[in-house]
Each structure stands twice: as structure tokens, then as C-alpha cells.
Amino acid sequence: MVLSVAESAFIYDSLVSSHPSRPDSRKPTQYRPLKANCGFLPNSNGSSRIYNPDGTECISSVKAKVIRSNNISDLINVEINIFGEKDNTTLCQHLTTLIKESLNDSFDFNALKLTDKYYFQLYIDISILYLPEDFRYSSYTFYSILSLISMGVYLALKSAKLPLLVSDKKDFEVEEEPTFSDDWEVSSYLIPRDSISTFQPALVFIVGIAGNTVIIDPSLEEEHVLEHGVCVTWSNSKITTPIQSLALSTSNNKAIKPNLVIKSMDLVEQVAGDVINALNTISEQEIDEFDVVF
Amino acid sequence: MSEIQYPEKVLPGQPILPIYQPTDGSSSIKYIPGDNVRLESIVFNNQTIPTLISTTLGYVQITDQVFETEEDPSEEVKQQGNIKLVSVIARKEKQYSDNNTLDFNCRSYKAVTPQVGDIVLARVSKMTHQRVNVEILSVLPKSEEHKVNVNDNLQLLNLLPTETGEYFKALIRSQDIRSTERDSVKTWDCYQPGDIIRATVLSLGDGASFYLSTARNDLGVVFARNEEGQLLYPLDWETMVDPSTGQVEKRKCAKPF
Amino acid sequence: MNTVDRRRRLGPSNAIPLSFPSVESNSDIENTSVSSFNEQKLFIQLSNIPTATGSSFLQLGNNLLLASVYGPRPSFKRTFNSKAVLKITFHSSPFLSSRQTESTFNNNNNNNNNNHLNSDIDPEYQIVNSVILSTLETACSNLILLDQYPKSSIDIFVNLINTDKSTKFIELLSLIHTAVNLALIDSGISVKNFPSSIVSSSSSSSSSSSSSSSQIFINSIHSDIYDNDDEKDLQNEELLTFYIPKSTNNNTNIKSTLKDSIDDAIKQSRALRSELSQFCYNKL
């Protein structure tokens, strides 16, 4: 979005004032409304569709494959496809790295373990179907969609179901390929729903910084005037890595004060619980009909 | 008057001087930022001081600021003492200059981006009825703007190091070619492709090119050849002549003196 | 450990296997250099590429780095740019046999093949190009006064010539940033302040029982606020970019130790900056 000097100065001043006010009158901790569904792709283990009011739309799917390996770092594969962007741009690579890193850190790999020799390997495909035209040919970097992608992946993983293993779990001595039950009714969730053995996949939050104000989920107008962006990862009720500074747009960049890094983490701690609850509610809604989603 | 103290060499980000310096007299000296210097309010022990800060590694140079008040020379003299231009000469620029004379103005091999108000040398590349397309060859040092000696300006020392042969593109609209009878300008009577012209930067223009203007006496063609390749010399402000054949060609010439 | 070869591939059970003492001595050297990473001498050479606007060459141990800055030169984009456009390219020498770069960077198509190659590399040591590029982009766009160069582009090239197995990725990251910082200063392109980048690995005192060290990479400048008091002055630092890698111990709460580690990093960064600026000053 190309803002005039006066417009961006107004937005900036209202953000940095002692009582920060955002252009869409949100609180600093408030998200824009999001819509999401999950579990609608019939040929993948788990899927989700999440979209912003500005039209940014992200579809993620999780597919599982049985491999004979016990190398943990192999088990999660992430691929991000952005409409109109090449796969090998820095942006795509970096988003992939960040998502993969955050998942690897937070994942409980016991959930993927089938037998002593066999594991499930997850392929997470993320597709950004639409980005607002304003994003292109302007000062924006795409890093702000990281938060949306991360929520999409979270939902897809939450909704992912794995078939029930019918063969023997202990195959250390016996050479046996794992076999599964044909009945999807007895399939189990990848991430267990009971409270004991469950874990949360990581969520990546994007925090915008202007002056001494930290805001979550910056909108396009805000990104234009923000001085710095920080990505903070949250998993299993605490802040984890990767934590990194990101330039959300190149129009008004400045260096940040160290105490603002801490402040942005406080903000994430404030909102993370609510976000996770909301996402969990969505993931627990059952989708019966393919068409219902659209 | 006590001699002001300022660092001789500076690092990027190093404060040089506050903008106001009290003197013994009633008037204080004001310093204004020049090349490679920015003005920033720094806070030192909770005290806000507007200060000139260096943006590059180099040598500090303080010169008197001369204003274009040519009609009233007495005022100019008065201004000189009070306002000084602080600039930093980057390491590179000095390195390449002649060591014996320490010519600080020489910005040879310095990559510069033309700014609004700069005087540039440009070569005409393409012409239409409405506009003249040019390529900016060189940005002339600011402090030499007021020197009248053409030879000094034509040293072409600061050619942009464009090894790829790509120059900043610019265009001159037909209305900006001269200051009189702007509406009836015939572009081909003023410039021809290949001419080297001196022009000032009007604005950053659009995505493709800068906008230049030659609507001043000291701006216009400084170097041109006719179809036979003979050097042309200015006769008056709109004609040039080839001395060997006596052929006359129309050009909008820069005032040579 | 049971060393008896049941399948008798190594001969009779009383055979003595071949030993390679050279390998052991090698690992000794690596270990010592790990511990003394920060104490190693840094070799810097400026302006070593005459055609570039600014360039720097760095050597620290076995790590060789070359950074060069070109521009500002005309950018021929369709859209109007009121400030310079930054292009940053990172290139690591193809003969870095000891290290593997990120698989996605080299060839997207045969992801699977590379994954297996990568698997034996400790993630702490894996060179992640995307992190290098994104932190460099953030740092440089915060550092350079891009407003002064409208309609131009500034190109920055970083070439990693050599590295060794004992240098962690994050340490390499700070070296890369240092090289770029010096090249920018050498170029005479307008920058906000004198930058310096450092990796601070503070073994936090609170969790001294666990040997984990929380690492943070920062590239920082001094802000426009100055204070006579050194302790207070620490708050006047501004981070151009920062990166916190995966910590070795997942149980420590990052946030609790972050404040101390940032302060610590700033102190180290200041120390490095005073040396670097002295070096540049003497070069004048």
C-alpha cells in the first residue's frame, strides 16, 4: 500500500503516542478477524484453510508417509508455495526454515514413532493462494504472512489423523513392514487430544514495533510505518526459538532498543494462550462435508 | 574569537559540532550540514542538543556558506561569517585526489546519486518534440557551482563508475529547456543527440528518469560537434559555429563565462 | 562396550584394529579453537577490491570472508523508488567440503537426497543461507541512510571462502556481519552509526548446573542518546538485527535470561566496536 507522507505520519504518530491507537481501532493485543476451517482435504491426513479479511489466504496440508529411518531431523518436511513468488527466493526459503525450525523444536517425535524401525514422515505443504495487490511492487516484505502460515500449520497438524497400526509394534528382531487398519473410524489424531500425552506445535507470532509501542498482527497500513518486526515462537506454553528480527517493510526501518525485544515477548505471552484456545476450538469442530468449507 | 574545536577525522555516527556555536560578538555562528553530514537531535545526559553528525569515515571540512545574493554583495559578506557549511570528505575521495594540492573538491570515482538542485553533466541520447532524453554522466561538486570558470567544471573527474555503461536516465521537458518563450520551444533547435549539456536536477521524476532543467543562463550545451564531427563554438546563447567552415548551427548554449 | 566382532570381519578376536592417531590430534586442535574463538586474532583488510565502492577481507582462524559493496548505481525498476534498493547476495565457496549448506538452497528438486547428507550435521553448525540473508537485509536497511540515494541500488556481495568444522553457524553469522559492516564503512556510503556485531554466549549464572549456554547474535549501533554513566549508557544501544538460535537446552526459559544476555552482548559489542573504530581511524 502506498501511503502519502501525511497519512503515514498520522498513523505513526498515533501508534507511538502514550495511548497507542491503531488505524483500525484495535487494541495492541488484538488480532484482525480470521476465518479458518480444517480437515477438509480428503486426500491428506490433515489440512486447514485460514484467511484474513484482506484476502490473504493460506491452505496447508499434512501428509504422512512411512519411512524406515530414525533420524529425527528428517521427519518433518515443509514446503511453502507463494502465489507469484519463485520457490528459491530468500523469502520462501526463510519462511520454510523458520517454520521447520520451530516445528522441530516443539514436536514430540514419539507421536510419529510407529515401531522401532519405522516412523511417520510428515510432508507439510503450504500454499499462499492470494496476497493483496498492495504487497507487490512496494516496500513490503512478505514476512508478516508468517503468522498466518504458522496458524495454518498448527490447525492442519491438529486436525491430522493417522491410521491405526495393526501390525506388531516391536519389530526390532523381526523384519516386518507395518500394516494399518483400513477403517478410518479407528484412526487416531497425530496430536493426541487427551491432556496427558498432548503437545502443541509451535506458533510463530509477528510483533511490530514503532517507538515504544509493540503491536501484534500488524495490518498493511501499520506495517508501512513500523520501525521493526520481531518474530517470536511460542510452543508448549513458553517462548522458544527461533526468535529473530525481521523487516516487515522497508519504508521506515530503524534499529530497536533492546528492552523492546523483551516487551514484544511479554506481548506474545499475553496473547498466546487465547490464540491457542481459539485455534483448538476450530480444530475440534468436525467437518463432514467437503463443500461446507467453501 | 576563540577558535572552534572540532575533530579532524570522524567515524560514522560521530558528533562533530552542535549547530549553534556562541561567539564573543552578538551573533552566533550557525553550522549547517553539508556532504556526508546529517542533523540529528542527540540527547546527552538528558539534554537535547541539535548536532551535526558524520555519516561516513572521513575528514571534516568547514567552509563558509555563500549565498546567491549577487545583487547585494555587502549582505553576502555579512552572511559568510555567520553560517558555515560542515561537510565530511570520505576517505576514498581524498585517496584518489592529487596528494600535493589536497584538492578536497575532487570527488573522483565517488559513486553519487544526483540530488535535487545538483548541477549535472549529461549527454543527449534521444529527442522528441516534447522532451529530450539524456544520460547523466557526472554530478558536479556543489561548491563549484558558483565558479564561473568553465574549464574547472569540465574536468569530468567524477564520472560515475558505471563499468556496465549504465547511467542514470533523465529527461528535459521542452518547457524546461529555456526560461523565455517556454511554449514555443523547438527541441531540435536547442539540442542534438550526442551533445554534452549542463543542467540542474528539477526533481527525482518518475520511475524511469530524473527531470532536468536548462532554463538558466549558465545551463545548456557545453560541448557539441556538427555532422562532420567538427567542434562547435558558441556565438551567442542560441547559435554555435564551426570555425573551419563558418557553418552555423542552432543550440541552446550555456553561458561560457 | 563389547568390541568382539561377532561376524569376524575384522579377523580373529584378538586382532588389534588399526588406529589413526592423526585424527585424534586433529580433533584436539578443533577443541582448543572452539574455546578460544573470541580470543583469536582477527585479520582485516579494507579496500582490497579496487572496482568495488567498498570491500573488506576478514580472517579469523580458518574462516576467510570477503565482502564487497557496489553502488549506489542506477536502478532500472519500473516503479519509482524514493530510496535505494538493497540487494544482498551470499555465496559460499563450492569447495567447502567440511560443511554442508542448507539443502533447499542448492537444489530444491532433489530434496530427499540432500536430506540424508545433511542428517549427520549438527544443526548448530549447519550454514543456513536464509538466516544469513534475512538478518543481513534487516541490518543493512536499518543501518544505511537509504533516503540519500533515491532511484539507486546498492549491491552487497558476501563470499565465504573458507571455514572449518569448529566454527558454529552463529559465530560465522557474526563474522559475516562484521565483514559487511566494515565494507560499508570503507565504501563511504552514508550510515547511521558505527555498527558492530557479536555473538554472546553467556552461560547463564542461574542455570549453572546445566552446561547449556544461551547464545544470542546481535548487530548493534549506538543510539543518538548518550549518557556519562556507563551502566545507563548500555540502554542507549540499538539493535540493527538479532537472532537467537535453537538453544542446546530446551528447559531453560529464554525470556528469563534474555535481558542479561542482551546486556552482556551489548558490552561485548561495544568492546569490539571501539577496536574496530580505532582500526578504521588509523586507516585514515
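All chains are identified by letter, namely A, B and C, in their written order; residue positions are counted from 1 within each chain.
As a convention for this text, a contact is a pair of C-beta atoms (placed from the backbone, for glycine too) under 8 Å apart; a residue touches a chain by one contact, two chains touch by 3 or more.
Small disclaimer: the values here were computed from a predicted structure and weren't measured.
Visitor: Could you say which chain's mean Cα position falls nearest to the mean Cα position of the entire protein shown?
Guide: The most central chain, going by mean C-alpha position, is C.
Visitor: For chain A, which other chain has the most distant CA centre?
Guide: Comparing chain centres, B lies farthest from chain A.
Visitor: Can you compute the centre-to-centre distance for chain B and chain C, using the mean CA position of each chain? Integer Å is fine.
Guide: Averaging C-alpha atoms per chain gives centres 41 Å apart.
Visitor: Per the centroid of Cα atoms for each chain, what is the distance between chain A and chain B, given in Å?
Guide: 52
Visitor: Quick check: how many Å separate the C-alpha centres of chain A and chain C?
Guide: About 27 Å, centre to centre.
Visitor: For chain C, what residues touch not just one other chain but two or more?
Guide: 78-79, 192, 221
Visitor: Once bound in the complex, which stretches of chain A touch chain C?
Guide: 71, 73-74, 77, 87-88, 90, 93-94, 96-97, 101, 105, 137-138, 141, 143, 228, 238-247, 250, 253-259, 261-262, 265, 269
Visitor: Along chain C, where are the residues that touch chain A in the complex?
Guide: Residues of chain C touching chain A: 78-79, 83, 86, 102, 104-105, 108, 111, 115-116, 118-119, 123, 128-131, 133-135, 137-138, 141-143, 146, 192, 220-221, 223, 235, 237-247, 250, 253-255, 258-259, 262-263, 266.
Visitor: Within their complex, state which residues of chain B touch chain C.
Guide: Touch list, chain B to chain C: 9, 11-14, 36, 38, 40-45, 53, 55-59, 90-93, 110-113, 115, 160-164, 166-169, 204-208, 210.
Visitor: For a test of understanding, state which residues of chain C touch chain B in their complex under the given definition.
Guide: Within the complex, chain C contacts chain B at residues 47, 51, 53-54, 71-74, 76-82, 84, 145, 148-152, 185-194, 221-222, 224-228, 277, 280-281, 283-284.
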